[in-house]
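What follows is a group of structures, each given as structure tokens.
The following pair of complexes shares a single chain, chain A, combined with chain B in the former and chain C in the latter.
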Partner chain A sequence: MLGFVMPLYVYIIEDLLVALILLSSFVMLSSRWISFYIHAYGFQSFLIFILTLVLGIESQDINLYIVAFLTLFVRTVIVPYILLRMIKKFNIKEEVKLIIKIPLSIISGLLLTVFAYFLIYRLISPFSPKIVINASSIALSLIFIGFFMIISRFTTITHILGLLIIENGIFLLSVVVVPTLPIIVELVVLFDILVTVAAMLILSMFMKLQTGSFSTTMLNRLVG
Partner chain B sequence: MKIFIIVFLIIPLFASLISFIAKNKRFAEYLTLFSSFLNLLGAFLILYLILNFKTIFLFNGAIAIDKFSAYIILLTAIVYFLSSMYGISYMRLALEDEKMTDGEFFRYYLFFNLFALTMFIAPMINNMAVYLIDIELTTIASSFLVISEVTEKSIEAAWKYILIVSAGISLALLGTILFYLSGNIPGSAHAVSSLDWTYMRLNAGYLNENILRFAFVLIVIGLGTKAAIAPMHTWAPDAYSEAPSPVSAMLSASLENVAIYGIIRYFGITGAGIGFGYPETILIIAGIFSIFIGIMGIIYQRGTKRLLAYSSIEHMGIITVGFGLGGVFGTFGALLQMLGHTLAKSSMFFGAGNFLHKFKTKDIRKIKGVFYLMPVTAFLFSLGSASLIGIPPSVLFISEFSIILQSLKDGYYWITVLLTVFLAAAFISLLSKTGSMVFGKPDDNFNCEKGDFPPFSYVPMLLPLAASVILGFYIPAGLHDLLSGIIDIIR
Partner chain C sequence: MKIYLNSAIFQIFQVLTVLACSPFIAGFISKLEEIFEGKRGPSVFQPYYDLYKLFQKEILIPSDASFVFKSAPFVSFISMVLITLLIPVLTAYPLPLGFMGDMLGGAFLFSLSSFFINIASLDMGTSYGGLGSSRATLLAILSEPTLILVFVGVALIAKSTLPYVMLHTITKSLPLYFSPSHFLIIAAFFLLFLADTDRRPINASTHVEMSMIEEARILEYSGPYLALLKWSGHMKQFLLLVIFLNVLVFPWGLSVKHSPAGLIIAVTSLIVKMLIIGVIAAVIDTAISRLRFFRYQEYFAAAFVLSVLAIMTFQYKGF
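== the complex of A and B ==
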């Protein structure tokens, strides 16, 4: 956390957690099955919850507690539950169609992570300790990986998950870099996630009823 | 004052809920028209209060309405009023000849009023992050309007819209967090620990320069997605062409203004922090590219509403260039361009909606001889296209002229040359397309009734065009004061 001095064990936990968060996003890049994606997303959100909780306990900031438990509630429980129910209801067992194959996706993810590290290093290195640079560059790389997932996977569910990973990255960045951010911002962002996911799921249900599939490969009529 | 603003916002909410619950078609139509009329009056009243008193602060500074916000609220209210008037005609025809069901009809009125509500809230909000979330809510409300008639094409358009714009807004959110970081660097003398426009603007001198540069680029990309500035415009032609015409008008003529409003707020903060040179350059580059893409789209266009969408992209480019050039003339021109574009574009979309109902197609090549079939609509449509490309009695002529004047005054001659060439290209290409639709002779084997649709189909086209022509001759002192006040706020 920028601007706070923490005991050593917090730094170790923080390093470990952000490494696991990065790992979970690579797990998503290396998979073909939609339910796998959703579980990885829930796991990642749970790790972010633990990180926020630890930072909240250590800085004794009541706002961080609230945000942490709301994260647990919304990102770890509600959103994965809705998505999994959706999958069960429509009985989706199809594999995700990949435009970029798995090895290449992982290499691209690596490159994006390195790029995020350089960007963050140039931006905040003059005034922040190394641990913050590590954590925030991983947050930025989550944003990049989210965008990469949106452009390289062709189902509505993976599009939604890509957006959710981007939100996770933004949330992680805001917790690590600007812990004093007004709590109203975090609250409205969580509200926004719920509403956006609901709206996109309704849209994809319409799509399923019209085209018979969640795949977005046939969305190529409107050009020019 | 508090009560007044709350009532102003509750009117569209009530209209949407009641028209959805009551399930009475005539009632829903006229309730929406009535509520939009009340909102138009309310917007004028807000403007009057702002012009005579100072900025309104409500709820502990959570809502701040200054001249710029009041101007955007007025523009939104105008389009809301016109669209709900035109919606009466459009939706009746859609129920008659297309396969729109009753459920779709009431869903349309539910989300139509909610969409207007979210657009009214956006310029009032003082907190940047809450503003962005409100923009996200406008996306959700309008994506359900895009699928008013559920077809494969409209679902595709809505999906592209919600996906691209949500991703854009999340980038803008990242930019906002970096804005906050730039004022809260540990060890700095003065922490700017608030996300309010007003507070940030006053303390812009304490923000960190490097982070501010990066953050502003993210904001232009993020909110530029919503404002359909190229190259983030790809959702716009799809959504505008698949949505019902009143919704296309709302999307094009007022939603883009609301997004540009956000960019200009950030622009003001960035400029006050690190000087206006850097943000101006970014806006000019984005704007010029946007004009170029818009005109390329117009030249190779076959669909009526897609044509108007690309014209919107071009106009957003002109507005961005105007703000980017800065100065009194540039900013004045850009603000006036917002008004002129709002008036002319909404009328054009209504005309395109009438064509769609008459000819049952959006293909420009199949629409011929409108003057023969629907004289009033054709007259107003040609007047609208003339006004849209800035032929003198229209207000867009004044605004485009003053933007070009500013580029000459600052010595950016290459911008002058590019703008003139692009505007001439838009002139030729748009007029040739609309001319081929309006004139000519309809096919002999094309049999449909001659004559216009009932007055609700052309009165909403007439009103904004009349206003546009009158403003072209004479800009009232009140409007002039308002725009000069906004220039002081921005710079």
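== the complex of A and C ==
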């Protein structure tokens, strides 16, 4: 979006969409059930798809269309489908194990968001319009929240979802700051996601077969 | 001279509307909840019958009650009437007494009424009163930061804490109306509304239950005092809905100048808006189960997050 001037309604839609994206990551932080996480992730990716599509329509860029529909295909359909199927196959009904209680983790997410706003403001405020500051600080806070989810939850599936949220944040940052990125970069990121999800799933399946649980707290038993 | 008369008439009608319509909204919501549960439910005018019956009864005051016990219903009722004068119930322009206080003044009056009911319930030294007031105080402590941050958000958007200014700011600028900070403030205020009016994620809102909050505080009262407290409870719900609808969600349909037609349109549009929100509140009340007492923090943490994000997104909005 740097160097572009868009009509007012695009700004309004973009503001609303990024706020919803941030809220869906807070939904993930505040939920106890794994299937809820996956649906929230799918919803978040769907919002990112709409944002990319709107930017593509407005800037008449064929690359953005392709990226948008690949996002829809990979992030909104394939990845949640694989994860949900895995949950069904292993019949996981356990709650997410939390070391940090939900209110505290929501407030920590909030602090991380405020920190991301502060950081982005110090970094890019001299040369960018305010809308870019808003959207990119939300993208950065998605990255932080993803890290926080990996740290504070002890299930491999939530680890995968934390990684996916980080990916979503990076993708959002690239879309709102430089929408005219070469398409090869976006393709590499999407391929990266697929490979990550597949590898992590295989690893966690082995873990389930070996230790009988998806919880990573069991892993310290492997120490010889 | 005529304008003074007209504003006085509107001011009086403002109070009369709240006094007369607040039991109706409460009755409507409870009737709807019963219908959703598959029962026929009481008439929508049941709160009026209750109030009438209670006002007919004699006044019973326990022998060891102090003046707090006797004054609490009046303090509660009068503070609700005073809040009515401060907020835009019928008119989109401020009436003469609307400058007595801003939104913080309204919040102060709400907490004054709640405080008096709390100490009145502690006054008798019964166990239920202590339970109810301690729970209500915990809820007030948890919800207060969000309330203040909602006011900060409104003050940032409107550059004033008067509710009339907020109303004008968002009706004048449509981008501001559709900005995320406005919607986030609406969501945070709605969560506070559900918590403050005894609704489902927080309280079970039935009469005889161990987990009751509002009912436990007024368990000692009977007769006309109980009627006053119930009426002020209905008015509290009505006033919170008025702030929610006329200041935040849908500030159209209010009377813009002194005329009888404007008055009628304002009253009917207010009632229609209230009925729509009443349907939503009844759906939430039947669809959601009650939270455990020690999980209230999660609910209020969510409201807090919404209000802080409203402020953050307003700082860097793109228009």
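FYI, the second predicted complex is superposed on the first by the 220 of 224 C-alpha atoms of A that agree within 3 Å, B and C clash if a C-alpha of one lies under 4 Å from a C-alpha of the other, contacts with A are read in each partner's own complex, and residues count from 1 in each chain.
Convention: contacts are C-beta pairs under 8 Å (C-beta built on N, C-alpha and C of every residue); 3 or more make two chains touch, one makes a residue touch a chain.
Computed from a predicted model, the values in this text were never measured in an experiment.
Between chain B and chain C, the partner in contact with more residues of chain A is B.
Within the superposed three-chain model, A:Ile34 lies out of touch with both chain B and chain C [touch as defined at top].
In the superposed model, A:Val176 lies in contact with neither chain B nor chain C. Once the two complexes are laid over each other on the shared chain, residue contacts for A:Ile102 go to chain C alone; chain B is not touched. Once chain A of one complex is fitted onto chain A of the other, the partner contacts of A:Thr113 are limited to chain C, with no touch recorded for chain B. By the touch criterion stated above, A:Asp15 is placed in contact with chain C alone, chain B being left untouched. In the superposed pair of complexes, A:Ala199 makes contact with chain B only, with no contact to chain C. When the two structures are aligned on the shared chain, A:Phe26 is found in touch with chain C, with no touch to chain B. Residues 175, 178-180, 183-184, 297-298, 300-302, 304-306, 308-309, 312-313, 315-319 of chain C touch chain A in their complex. Residue ranges of chain B in contact with chain A, taken from their complex: 127, 129-130, 133, 136-137, 140, 143-144, 147, 150-153, 155-160, 162-163, 166-167, 170, 173-174, 177, 180-181, 184-187, 193-195, 210-211, 214, 237-238, 241-242, 297, 300-303, 306. Listed in rising order, the residues of chain A touching chain C in the complex are 8, 11-12, 14-16, 18-20, 22-23, 26, 30, 102-103, 106-107, 109-110, 113-114, 117, 121, 129-131, 133-134, 137.
Those residues of chain A that touch chain B in the shared complex are 2-3, 122-124, 127-128, 143, 147, 150, 156, 159, 163, 166-167, 170, 173-174, 177-178, 180-182, 184-185, 188-189, 191-192, 195-196, 199-200, 202-204, 206-207, 210-211, 216, 219, 221-222, 224.
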